[in-house]
Structure formats: C-alpha cells, structure tokens
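The structure under discussion is supplied below as structure tokens; questions concerning it will follow.
Think of it as A, B, C and D in the order they're written, each chain with its own count starting at 1.
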Amino acid sequence: MNHQILIAILLLSPVVGFLLNGVRFKSANYVLAGSIATGAVFVSFICSVLLFLDLVSMPAENRRIAVEFFTWIAVDNLKINAGFVVDQISSIMILIITGVGTLIHLFSIGYMHHDKGVTKYFAYLNLFIFNMLILVLGDSLLTMFVGWEGVGLCSYLLIGFWFSDSAKAAAGMKAFITNRIGDAAFIIGMFILFMTFGTLNMHELNALAPTTIEASWLGAVTLATLMLFIGATGKSAQIPLYVWLPDAMAGPTPVSALIHAATMVTAGVYMIIRLNPLFIAAPNTMFVIATIGAATAVMAAIIGLTQYDIKKVLAYSTVSQLGYMFLAVGVGAFGAGMMHLMTHAFFKALMFLGSGSVIHGMHEEQDIRKMGGLKKYMPITHFTFLMGWLAIIGFPLFSGFFSKDEILWNAFSSPRGGELFWIAGVIGAILTAFYMTRLMALTFWGKSRLDSKVHPHESSLIMTIPLMILAILSVVGGFVGVPHVIGQYLGHIPNFWEQWLEPVIRAIPANEFVATHAADHEGLEWSLMGTSVALVMISALTAFYFYIIKPGTSEKVRKIFGPVYNFVNHKYFVDEFYFAAVINPIVKQSQNLWFYVDVHFIDKMTYWTADIVKGGGRVAKSFQTGNMQQYAMYIGVGIVVVLSFVLMR
Amino acid sequence: MLETSFLNNIGLEHYLVLSAVLFSLGMAGVLLRRNLIVLMMSIELMLNAINISFVAFSKFNNNPEGQVMVFFVMTIAAAEAAVGLALAVSIFKRFKEVNIRFFEHLKG
Amino acid sequence: MILSTLIFLPIVFALILTAWPQKSTIRQLALGFSLLQFAVSILMLKDFDSGFAGLQFVEKFSWIERFGISYFVGIDGISVMLVMLTTFLMPIMILASWKSIDEKIKGFHIALFVLQSAMLGSFLAVDAILFYVFWEMSLVPMYFIVGVWGGARKIYATVKFFIYTMAGSVLMLLAIIFMMRLTPEVTGGNISASLLDFYKLKIPFVAGEFFTAQTLLFFAFALAFAIKVPLFPLHTWLPDAHVEAPTPGSVVLAGVMLKMGTYCYLRWVLPLFPEASAHYAWLFIALGVIGIIYGALVAMIQPDVKKLVAYSSVSHMGYIIIGIFVMNSFGVSGALYQMLNHGISTGALFLLIGMIYERTHSREISKYGGLAKAMPWYTIAFVIVTMSSIAVPMTNGFIGEFLILLGSYKYNPWIACVSVSGVVLGAAYMLWMVKKVFFGPAGEIVSHAAVDKEHALHDLSAREIAVLVPMLVLIFWMGLFPNHFMDYSKKSIDHLIANQQNYSLELRAEVKMGDK
Amino acid sequence: MNNSIGLSDILLISPLIVLFLFSLIPLTGKVLNNNKEQNPASSLIVALIGLCVAGGLLVVFGGSDQTAFNGQLLFDGLTQWAGLIALLAAAGGLIMMYENTSTQGKQFSELIFLTMNSILGMLILVSAVNLITLFIGLELMSLSLYLMIAMSNEQKISKEAAIKYFVLGSFASAIFLYGVSFVFGSANTVNIVDLMANAATLVKTNKIFLFGMSFITIGFCFKVSIAPFHAWTPDVYQGAPTPITSYMATAVKTVSFAAFLRVMATQTLNGSQNLFDVLQWLAVITMTVGNVAAIMQTNFKRTLAYSSISHSGYLLVGLITAGISQNSSYSAASVLFYLLTYSVMTMGAFAVLSMMEKSENHFLTNEDFSGFAKNQPLLAFCLTVFLLSLAGLPPLLGFFGKLYLFSAAVNEGLMWLALWGVINSVISVFYYLRPIVMMYMKDGNADIAEHPQQATTVLVVVAAIFILIAGLFSGPLFTLFEKSLG
C-alpha cells in the first residue's frame, strides 16, 4: 500500500477513535467505547507492522519511509512540514506504542468497566496514542514537539481523570507544568539548532551535525543538546524534574502503564537516540546525561525501597529505569538504551497492568502492607508479574538481563563511560532487585494481611490476556539483541538489534576500543556480568529473607536508619523544597508585585497625577473667594507683574 | 540750594504723573473701599485721570483728537454711572445694603 | 468602494437601528446586519491579492484640501486579517450579548456598530488625520459599552480607560501635526497628511540624544500605542476595564481594540521612524519581557477570573510587542499571527466567562470548584480555549508564540531565554484557574446550584454553542493550517522588513470582481 | 480730510441700523400698549427677523474690505464672520431667553432691546479700527449686558453677578482706556490701521507705547477672561441667567477675540519679545487654571464657565500665533474657526442646561443629570455631542477646531503651547465626561422643565447636527474663513 495512505491511517485511526468517543463522552457503554478505541489502536498497530515489514524489505542503507502531508509553517527560511518518517528507530517505537497500546486498551475495557467516564477515558487514551505517534514519527523537531506537548496534555487529562479529587487534579497540573519547564528549554534548544544549522528537520540536522567533537561547554551544539536534554528530563522524569511522575500515579492504572511507563516517559530517550549524531558531537552533554541518568537511577531506586503504595514503587522503579536508559545514551550506548526502552516497555507495562489487576481484584486497595499471599487468589496475575519481576531484576536470559547488561558493559567500557558509571549502575540494579523482590514478597507471597472484608479475585480474561502476552514479551524480548559474548555460546545468535540500528547510530569517534578489541576483553565482560548478576541475586535473596523468611527484619533495619529512612520515605523532601524555595515565594512575591507595583505604584501614580490636578483645582478654587475686590486685586497684581516683566526686563 | 525748577517748568511728565497718581488713587479706591457708591466714584476718578492724560498728550502732541476723545470718555462715564447707579438702586431696594462684602454668594 | 462599504456599512446599520421601531426584533436585526458585514468582508478577502505587497482596494478623495488631508483608505497584508477578525467577532459578540444585555438593547447595538466602524476605519486608514479620527472615535462607544452596561465599578473603570487612552493619543495628534508640517519637503510644497508622504520623510535622528525630532515623534506615537496595547507599566486600565465591561465589551476590547495598538506599531512606528525604533527597540522589548512575566505572575494571584484573563492579556501582548520590535520576519509574522490568536482565544475566554457569569453572577475563583461535573460541555470548550491560550501545539496560540520566540532568539538569545518563562508561567496560572474552577470537589456555587432548582447550572445552550463553535474551529484551523492565514500577510511583512529604512507602499485601486 | 458721509457708509453700517430699529419694535409696542408686555413669541420673531436681516446685510455689504466714516469702521472678513457668529449666538440666546424661566415674562421686550443693542455694540467692536470707537462698542455691549444680567427673574445671585460684572468691567475698561491714552500719546494716533505700519518699531523704541499696548492687552485679557484677569468669569457666568451666560460665553467672547485679533494684527508681538513671552505664559496659565478648577466644580454652569476660561486659553494660543505670524490669515482663520465651533457647542450645552432649569432658582449640579438619558434620550445625546466636542473628540467639530488651532501653533514653532493645549484637553475630558456619566450610567429622574420648550429643542438639535456633520466639511469652511481674512 502507498506509504502516505498507510501513515495517514496509522495517525488518523486513533483520531477517529478519539472523535467517535469524544462526542459521546457521557456514555457509560464501556463495551462500545472500548471496542472503538481498541479497534482504532489495533488498526494503527496493523499499519505499524505493515510499515515495519516494508522497512525490513528495504535495503539496509535506505531504510527510511518519509512522507509529507502539507506545509505546516513556512516563514522566511523556517519551513516545517507535516512530515513523518518511519525508519529503524521510529518503526520500533510505533510498534511498541501501538502494540503495547492495544494491549493496554484491551486491559482497560476490563479495568474501567465500572467507571462512569469510561468513554471519555478511551477518548483520551486514543488522543494520547495519536500524539505519541506524532512525537515519534515527526520528521522535524517541531513536529516532534507537537506530539511532545500533546502527550503532556493527554497525560494532564488522564492523571486528572478523576478530577473531583482535588489532589488528583493537582497532580495532573503538576505534571503539565513540570513538563512545561522542560518544554521551555526544549524550545530554546530548537532555537539554537535552527540558528546554527538553519533547519529543524532531524534528518538534515543529523547530516549536518559536526563530526568533530565540540569540547567547549558553551558551543552551540553542546548548549542545544543540553537544552534538549533538559526538555527530556521533564518528559522522562529525570533529576531535577522527576517529581511529577510519582504523583502521576493518581491516574487510572492502565494510564500509568501506557503513558508513565511504556511510552511517553521514554520520549526523552527516544529524542536523544534520534539525534544521536548531535549528542555524540557534544561529549560534555553526554557526560551530563550519563551523570544525571546514573544519579536518577540510584536515587529513585532508594526511594523505591521505602514506598508502600504498589503504584508508587513501580513509579520510582520507572524513574530509576529511565535513569538507566539515560545512562546508556549518555555513555554512547544508544542501541542498548533503545533496547532497554523496549524491554522496559514490556515488563513495566506488564507490572503496571499486573498491579492494576491486583488493585482491581483488591477493590481499589493500593497499600502493599494490606496485601500478601495474593498468589493463591490471583494465579495468572502472579505468574505474569513474576515474569516481569525476573525481567526487571535482570535474571539471566530474561529480557531485562540483556538490555541491562549491555548498558552496564557500555557504562564500563565505552570511551564516554567509566568505572563510576558502572558502579552506579550496579548499585541501581542491586537496589532494584531488592525493592522489586520486596514488592513481590509483600504482595503475592508470604502471609495474607488482607482486611477480612476484602475478597480478592482473579481478573477477567480481557485483563489477563494482555498480561500474558506482555509476560511472553518480557521473557523473550531480549533475544533480539543478544550480546556477542553470550550469543556465541547460544548457537551464534547474531545481535539483530545492533544490525538493525547500525545505519542510524553514528559511532563515537574514538570508539575503536570496543569494536576491534572486543575479543580481548571478553573475559572482562564476563567477569563484570558475573559480578553484577551475583550481586543482584544476593540482593534479591536478602529481600526475600527480610520479608518472607523473617518478616520483622525490615522493621529493625528501618529503626536503625531512622532519620535516613524518614528522609528517603519523604522523597528527600524535594517536593517540599520546591514548594518552599520556588513555588511559594513566587506566589507570595506575585502577590506583593501586584500589590506594590500595580496597586501601590502605577495606580498610585495615576491617582497622584489626578491629585495634583485636583490640588491645582483646589488652589484655583480657593482664589475664587467671591470678594470682587480680591478679583480686582488679581487684576492689579496682574498688571504689575505683566508691566514689570514687559518693561523692566 | 534746593532745585525748584521742576516746579516752574510744567511739562508733559507732570500731567502724566498727576494722571497716574489719580489713576492709582482710583484703583486703590476700587480695591479698598466697601461702599458700592464709593467704588463707582473711584472708577469715575480713574476715568478722569485718563482724561487728564488724554488732554495732556493732546496738548503736547499738538493733536486735537485727544480732546475729542475726552468727550467720548465723559459720555461713556456718564452712561456707566447711570447704569451703575441704576444697579445700585435696584440692589439697595432689594437688600437694603450697598456694602459689597455682602455680595459673596458666588464663589469657589 | 468595498473598503468604504466596510467602514460605513456599520454606521448605516446603526442609523437603521436607531430608527427601528420594534424593540423585540432588534437583536435579530443586528445579528443579521453583522453577518451581512462579515459577508462583505469575505467578498473583500476573496478579491484580495496576497501576492501584492502594497495597498489594495485603495480609495482616495480629497477631504480637507487646505491641509492635504484626504479620505484615503487601503488594505494590505498587515491589516487584512485584523479586518477579518473584527468583522468575524461582531456577530459572535451580538449573539453572546443575547442574554447578558437586557436593558437598552438598542443603544448597545448602536454602540457596537459605531465601534466596529471606528475600528475598521483605524485599520484601513492611510491618512494620518483620518486615522486619528477613527482611532479616537473608537473610544466613545467603548466608553459607553463599559460605562452603561458594565459592572459595579463601571464608572471608575470606564473613565480610567477613556482618560488613559486619550492621554496617550493627544501626543500622537501633536506628532501628526508636526509631521504634516514637514511634508512639503517631500511633496513639493503641499502639506499632506498622507501616510505615504510621511513614509518619504527623512526625519533627522541622533542616536543617544532624546530631544531630537525623530526620537520625540517616535515616543509620541509609541506612547499612544503602548497605552492601547497595553504595555507594562501602562496597563493598569486594562484589568479594570475588562472586569467591569459586559461580555461583548471585554471580547471586543481584548479581541480587537488592543490589536489596534500593536497593529499601529507595524503600520506607523516602524516604517516612519526606522532609526529610532531600532535604537529604542531594547526599551520596548524589555518592557515586553517584563510585561510577559509580570502579567503572568500577577495573573496567578488574581481572585477574579476575568481579572486573571485580563492580566494574561498583558502577558500575551508583551509577546506581540517583542515580536514587532525584534524586526525580523519570524518576530513580525508571529506577532501578527499572535494578534489574531489572542483575539480568538482571549475573546473566547471572555465569552466563556460571560456565560458562566450569566448563570451564577460570580467570577470569584474560590467560590467555584467541580464545575466540570455540572457543565461538561462547557468545560470541554473552556479547556480547549485554555490550551489555545497557553499555546499548546496544534492550537493557534503555539504558532504565534513559537515564531515570536524564534524571532526574539534571532535578535538576541537572552530575550528568548527570559521570555520563554512566560510559557511556563502561562500554563501555571491558567491551569491553576482551571483546576480551581472546574476540578476538585463541588464548590460553593456548584453545590448551591445542585440544591436550588432555580439556579441550576445548565450546560451550554444551542445559542452558546453557536457562539463558541466558530471560535473553537478557528483555534484548530489556525493551529493546523496557519498558512491559510499567513499567506495573506507574507508579502507585506517581507516588504516591511526588507524596506524598513525606505518604506513605501505601492497602490492598487480596486480590482473589479472577477478580473484579476 | 474728507468728512462727507455717503450712501456707501450707510449701506455698510446698514446691519447696525437694522439692529437698532428692530430692537425698538417690541419695546415701542410695549410702551404704546400701556407698558403691557406683548406676545413674547411675536417679539421673539421680530427680533429674530432683525438678526436675520442684519446678518443678511452683513453678508451682502460686509466683508468687502471697505471702510465707513473715514476709516473708522472697517468691514472686512473678520467683521463679517465674527459678526455673523455673534448674530448666531444672539439668536440662540434669544431663543433660550424666550423659554427660560429666569428670563421669560414681563420684561422680555426690554431684554430684546438690550440684547440687540449689545449685539449692535459688538458689531461696532469688531468693525472698529479706531481704539476709541472700539471702546465705545465695548461699552455699549457691556452696559447692555450688565443690565441684562440684573434683569433676571432670579433675585439674589443674578444681582450679585451684575454688580460684580459691572464694577470689574468698568475697572477693566478704565485700564483699557488708560492704555489707549498712552498709545495716543506715543503714536499720536489711535487708528489701528495707522498703527500697523509702525507698531513693531514703536514697541521696540518707545516704552510709553509698550506701556499703553500692555494696558490695552490687559483690558482685552479681562474681557476674554485670561488668567489672572478671569476671576469674574465663573461668578458672573454662574449668577447670570443661563441664556445670557450662553450669550456672554459665545457672542461676547467671539467679538472680544475678534477685536483682540485686530489689535494683535498690529504686529506688536513681533516687536516685543517680552510681551510675547508674557502672553504665552498667560495662555498656559489660563488653560491650566480653567481646566483644573473646572474639575473641582459641582455646579454644572460653573463648570462650563471654567471650561470657557480654558477655551480662552486655547484661543489665546491661536491669537499669539496670529500675532507673530507673517501669514496671519491662516492663524486668524484658525482662531475664527475655533470661535465658531466653540460658540456652537457651548451654546448647545447651555441650551440643554437652560431647558433643565425648572425654576429661576434652580441650579443644576452634576448629580442633577442622573438618568437624563432615560427620560430625554435625544437631548442627552445632543448634550453628549456638545461635551465630547468641547473635549475635542473626533469626528466632532470641536476636534477640527483644535486641530486647526494647534497646527497653526505648530506651524509657527509654538510647539510647547500646542503641547500644553493637548495636555489640557486630556484634563478637560475629566469634567466633560462627568455629566455624561451621570446621564447614562447613573439612575435618576433628571428631566427638563415642564413648560413647552420646542424652540430651544430645535436649537439644540440643530446645533448638535451641525457639530456632528460640520466636522466632515470643515475643510471648505476653513478655507472660506482663510480666504476672507486674507
């Protein structure tokens, strides 16, 4: 089929779904709404698959489908088309978005069936898919930005879906505004690039990107990429703009799975991978990205240790995993980052949906302290969650293992990497293993701590089927990119992933190290891998010991770390800090600004002017005494003054 | 010895000074006196001072026009006096009062 | 004749309305008239040649020959869209006033039509005095609209509005007179008030010295327009006027009247005083930036919805000023586009606020809450307009803001870096307001309405939908296909930027229907 | 010297003769009928016919640049136009007098007699080229006015106003005359045409002449109420019956300025920088004092009185311009044009005010306008037009008046005076808007007096229509003025 039509269907099918559901948003017919929405996304998925197959059939060096629908903005030398590109990177993204999206839509039918706003919900979800597709397919930064803001908008709407609750509405607002801070930087980044290269088309930008390294911190490319990265920290919840993501869990759980785990939050990583030639040219930016990524990975994982809300744990886990991805792209392992993006989409969507299934089965209970032993009530959910758990902690041969290992190896060995990055990555992995095991233990295993009134039940098939599919993907998804060191022992599986992405990833200029001397360092790679896997296993077992074998241990440990625990439990008081240091002062000073500038200065000036005039009037009036002799006196004085002036001067 | 020639040679200046003095006196009358009738008399005084200067100029410039003007001025003065007195009478009839300090209702 | 028709047709309408005996059909009649007027403007647009940079449909008759003042009107790419905006908003305002204006209906519509005529005249006049006449003429009907049909402090607000604006424009009058006196240099002896002759003047400019002709004239003009825009710190009349004005008044004020100020910067200030505007651009850009941030910050703490939107206008108009004074095609195109956007989105916001005010008679944010449950369609419309106002892509607001920021970045990166904060702050105050009003648990008003059947909150009526739909359609249309609108002005803007130093405009008389 | 009086002289002064004769008709009728007041309507019609005939004759015979009585009276464009404006104002005043509560009644015939004689004085004033003749015209006008004011049905403040006006007016006349005597003494002539030849040099060389000219200027400043010689204006305007106030504010001001213009045309200002400076300052002070004091007023009539002072300030700007201008017809025409616009709009405003006075003791404050628009939409609209025109808002006539006046000033480089002028226009908006606010934006039941007032209504409407549309055709009118003054 014609690519243009195919992409049009891909994009517009969710719009049609959105409109169909949107105009009848009051309806509570969840079957109809769900079928329309799921169908719409599924159509997109079919299109994505077709496009992907087309792409595969093309020669490797020309794998690029670009279409233009119309000219969007054309002013001076700025020409932005409504143009879309399917290439190696975006094809994977659209597959993830529509594929995982379809599953999550399907799941939502079961999850949301009792909600009155179900039609509206599906409309938003479709709108999100549309914007996300724009984001990944857009051929220029500005088109990408359309989707970039669009998904932010949908996220705002979906987080605040149950808007009657003030806190939830506030969470949506927080997400949007925090994202906007990043977006502002993103806009500046675009400006710098446009002024430097004269285009915003990403293909052209990549081609124009300097092949030499820009050493200065103030170079155009460095600044631009830094600004874009700040945009990414907003969208992808990295330090310092990560604060919105945990709050975003206020939305329905499938939303968290789709937007805040699988797709939207990875937009920042995607953007960096898409513009990798630019970022490669700016090692300083890469260093910042890697550092922020590593720091986020560790910091969020630490918070994850202390959370009791099942979704919050997963949320911090997401932040932490996103940190991993940024660590990967920061050290130049774009392929690994992309792969982790995909595997994470599988297993984190799985876990979120799983948690949704749990919450659904527990009648909206989210506190894991009130769960336990759910294994026997929800076997399917438990089993699929187990797969997700194994994947995320990086159990060998599960999908997360491959991607995480690739990242860690690159963090160590890449010319842009270093031992410290590797250590941070390993610490993150250890912590992840601990809190994920803790989550499993408290939720599914051990003794039941259920409220007597709660009768958990396994979810319906419509919810479990997506879980199962995602579980399968979580298990096998990693085999698309088996590292060479392992692949050679598994019947020489080639690393499809690297081959696929190779044409669009520019090599780091001094990257001969890995490529040519890989064999020499095979031992090193094995030993690093072994170390990390061993540490992760020990950590998981420790958690198992803490929460299953000796359930009281965690309490003791918590007591030892008293204040530190408190500090971590409150997310380092970052929210409080932002409020005290930024938001409240701004609001307060605005009040003062209005009061002193508008009311007390500008208006007062106006009144003063009026008062001066009126004062003059009062003086003039006071001269008008009614006494005619006084009037004659004015005439006399006038004569004297005039004459003295006229004659004497 | 005291210079007294200015007393013997009466020139234009003398008339003008006289006129000015009279005019000033008239002005002072207008400015200071309270009685309406006196006020009108002061104005007459001013007009007469003007007449003096007209005549003086006429004499010293050898231009008879000035003396004609005096007649005009006198006529006007008479008319003015008539109107003024009429006003004064009507007011006195109404208010029994010719002190101008009484008329200070209009002000501000 | 099409431009004269546009200008004077509303006056004719006003006269017919004055004589119209039936009270009950005045509204329908006025609506019909305004639609007719819109149709005429569409006819004009149909024949408008967007490939021509100069003035089209030019009409010129000598008016006051002694002073070279003529009735001289013409339209070019800079004014065409603003004219369309004016005629477009008119039926919407009349329809919106259906409920809110319930006394002196006749007078209200007469004032609206006179106002429309004056505004169109200001956009179309090419003669300085003619322009000034229309410019000042627009004050009076607005003064009555706010003063007669306004809120509690209407008199304070309307007098403040009148005096502020008038204070600015008299200096402009003086400047116009002064420039007329200079024209014999270029016309060969005849005094002239034609803008085209003004363009030819080479007014001496000395950088850094304030008391030189061009600088003084520049400031006389710029001050008049700055008050109208309004530029910080001359903005304080605006919140008062907006708060007290009836809904259609707020719409026309925000939608068109503020644009008169910014439009005149493009039509008058930049081409007439190229050196001075380049030399003092920093001042206006600085004030624009301050306006953006200040307006946003102050909007954030307003307890009254209308006041909040009014301050948001200050913020948005700051962008437009920046776009104009950076003097590159991004900035100017963006500014021109933003003028339309602001007219649509802020106009729509005022319409929406008016609709809720009709129901509840309150604009206090703290009294609302949970409105989304009670009035879902209304909420949808409001959120869409909010998105336009905070410049979310795919709505019109984004195009303008992006281009302006890009233009300002080109001029000086720091301006863009500072003013981009308005993007964040704008989202903050608008969403904060949306949250307080629509989301959360039912507030005082909503819970009261739920019990009290008489004051029940009905969702949008058919009439209100008819008012809003064109606005919403335009929001997306302009956001998705900006070229449909920008193409009209492209040539003129390029011409302005390329020839600012020696600005002149070609003239083209009216093209007969059909033969282009 | 040829002292013969010919037909041409008679023809030239025929408007004056007609005025005098017509002034006698109602009075004679009254005297012949046992001193019983005749039908006021017919008296009014007679008077109006008289004014019309005089106006017609002025149009026919005036403006020919001929002099009558050996160059004593000059009938040029200025005479013609100022005379016509004054006649117009007188007609308006008479119509108001006919229906106003404080002037209608048993003394209407006398009032007509006095009015027409004062207009006769005005015509002498504007046509005089001899300072003494000018003075006679001035006195004839003023003496009639003193009596007209005192003849009000209202018994208290109108008498006070008359006395104040009389004393101060006579005082100022004396000052004027004193100046004339010095001019006579130094220049040996009091004929303005003769003075024109050498005034500029005389001013420079002869202190006595300068002294005299200063006194004359001050005398005029009193008449046209230039600060600080303006103090009588608010009191007299307020105290006088409204129709007569209107008459004073329009006709008297017009002719005084016209005569002032004649004196200024002697190019005195070109000779004396000091006098020029002083006059500029006086203009600024006058505008400002008038406007700021008007802001503080509550009585509407008094507000208009102060507004009249400020307009004198604007006019003085034009006068100064005409005084220093080489091509004075332009500036003079702008002054004349402004006088016309000012007269029409002020007359209109006073006419509405006159209609609203329910009895002779009724003084309107601003609050008394509340709700006027509801009861009298047409009159309220007309008053709005007058006030906005006074404030100088386009496209009303007042704007064009200001435009021409200030462009003349700018043309002569008097930028700063124009600047003050426009700043003052902004201040003036403050108080002009106040009645409009009251009429349209406040609730109340203001209404006109109940007795029939059709004539005044017609006057108001005609004036309003004139102001509304004449602005659009002001160009030809101005050109006409300029040509006839050239």
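As a working rule, contacts are C-beta pairs under 8 Å (C-beta built on N, C-alpha and C of every residue); 3 or more make two chains touch, one makes a residue touch a chain.
Note that the structure is predicted; figures quoted are calculated from it, not measured.
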**OP:** Average the C-alpha coordinates of each chain, average all protein C-alpha coordinates together, and give the chain whose average is closest to the overall one.
**Re:** C
**OP:** Return the chain pair with more inter-chain C-beta contacts, choosing between A-B and B-D.
**Re:** B-D
Original post:
With chain centres set to the mean of the C-alpha atoms, which chain is at the far end from chain C?
Top reply: B
**OP:** Just give me the whole-number Å value for how far the CA centre of chain A lies from that of chain B.
**Re:** 99
Subject >> Averaged-CA centre spacing for the pair chain D and chain B, given as whole angstrom >> reply: 28
Original post:
Where the CA atoms of chain A average out and where those of chain C average out, how many Å apart are those spots?
Top reply: 38
Subject >> Rounded Å distance between chain A and chain D, as computed from the means of their C-alpha atoms >> reply: 79
Original post:
Considering chain A alone, which of its residues make contact with at least two other chains?
Top reply: 621, 624, 626, 628, 632
**OP:** Would you please write down the residue numbers of chain D that are in contact with two or more other chains?
**Re:** 163-164, 167, 171, 234-235, 297, 430
Subject >> Shared interface positions of chain C, touching two or more other chains >> reply: none
Original post:
All pairs of touching chains?
Top reply: A-B, A-C, A-D, B-D, C-D
**OP:** Can you check the complex and tell me which residues of chain B touch chain A?
**Re:** 27, 30-32, 100-101, 103-108
Subject >> In the complex, chain C residues that touch chain D >> reply: 63-67, 69, 129, 132-134, 136-137, 139-140, 143-144, 147-148, 154-155, 158-159, 162-163, 166-167, 170-171, 173-174, 177-178, 180-181
**OP:** Over in the complex, which chain D residues touch chain C? Could you list them?
**Re:** 388, 393-395, 399, 403-404, 406-407, 410-411, 415, 418-419, 422-423, 425-426, 429-430, 433, 437, 440-442, 472, 474-475, 478-479, 482
**OP:** Would you mind writing out the residues of chain A in touch with chain C in their complex?
**Re:** 25-26, 70-76, 78, 142, 145-146, 149-150, 153, 156, 160, 163-166, 169-170, 172-173, 176-177, 180-181, 183-184, 187-188, 191-192, 194-195, 586-587, 589-591, 593-594, 597-598, 601-603, 606
Original post:
What does chain D use to touch chain A in their complex?
Top reply: 163-164, 167-168, 171-172, 175, 207, 210-211, 214-215, 217-218, 221-222, 228-229, 231-232, 234-235, 272, 274-275, 277-278, 288-289, 291-297, 427, 430
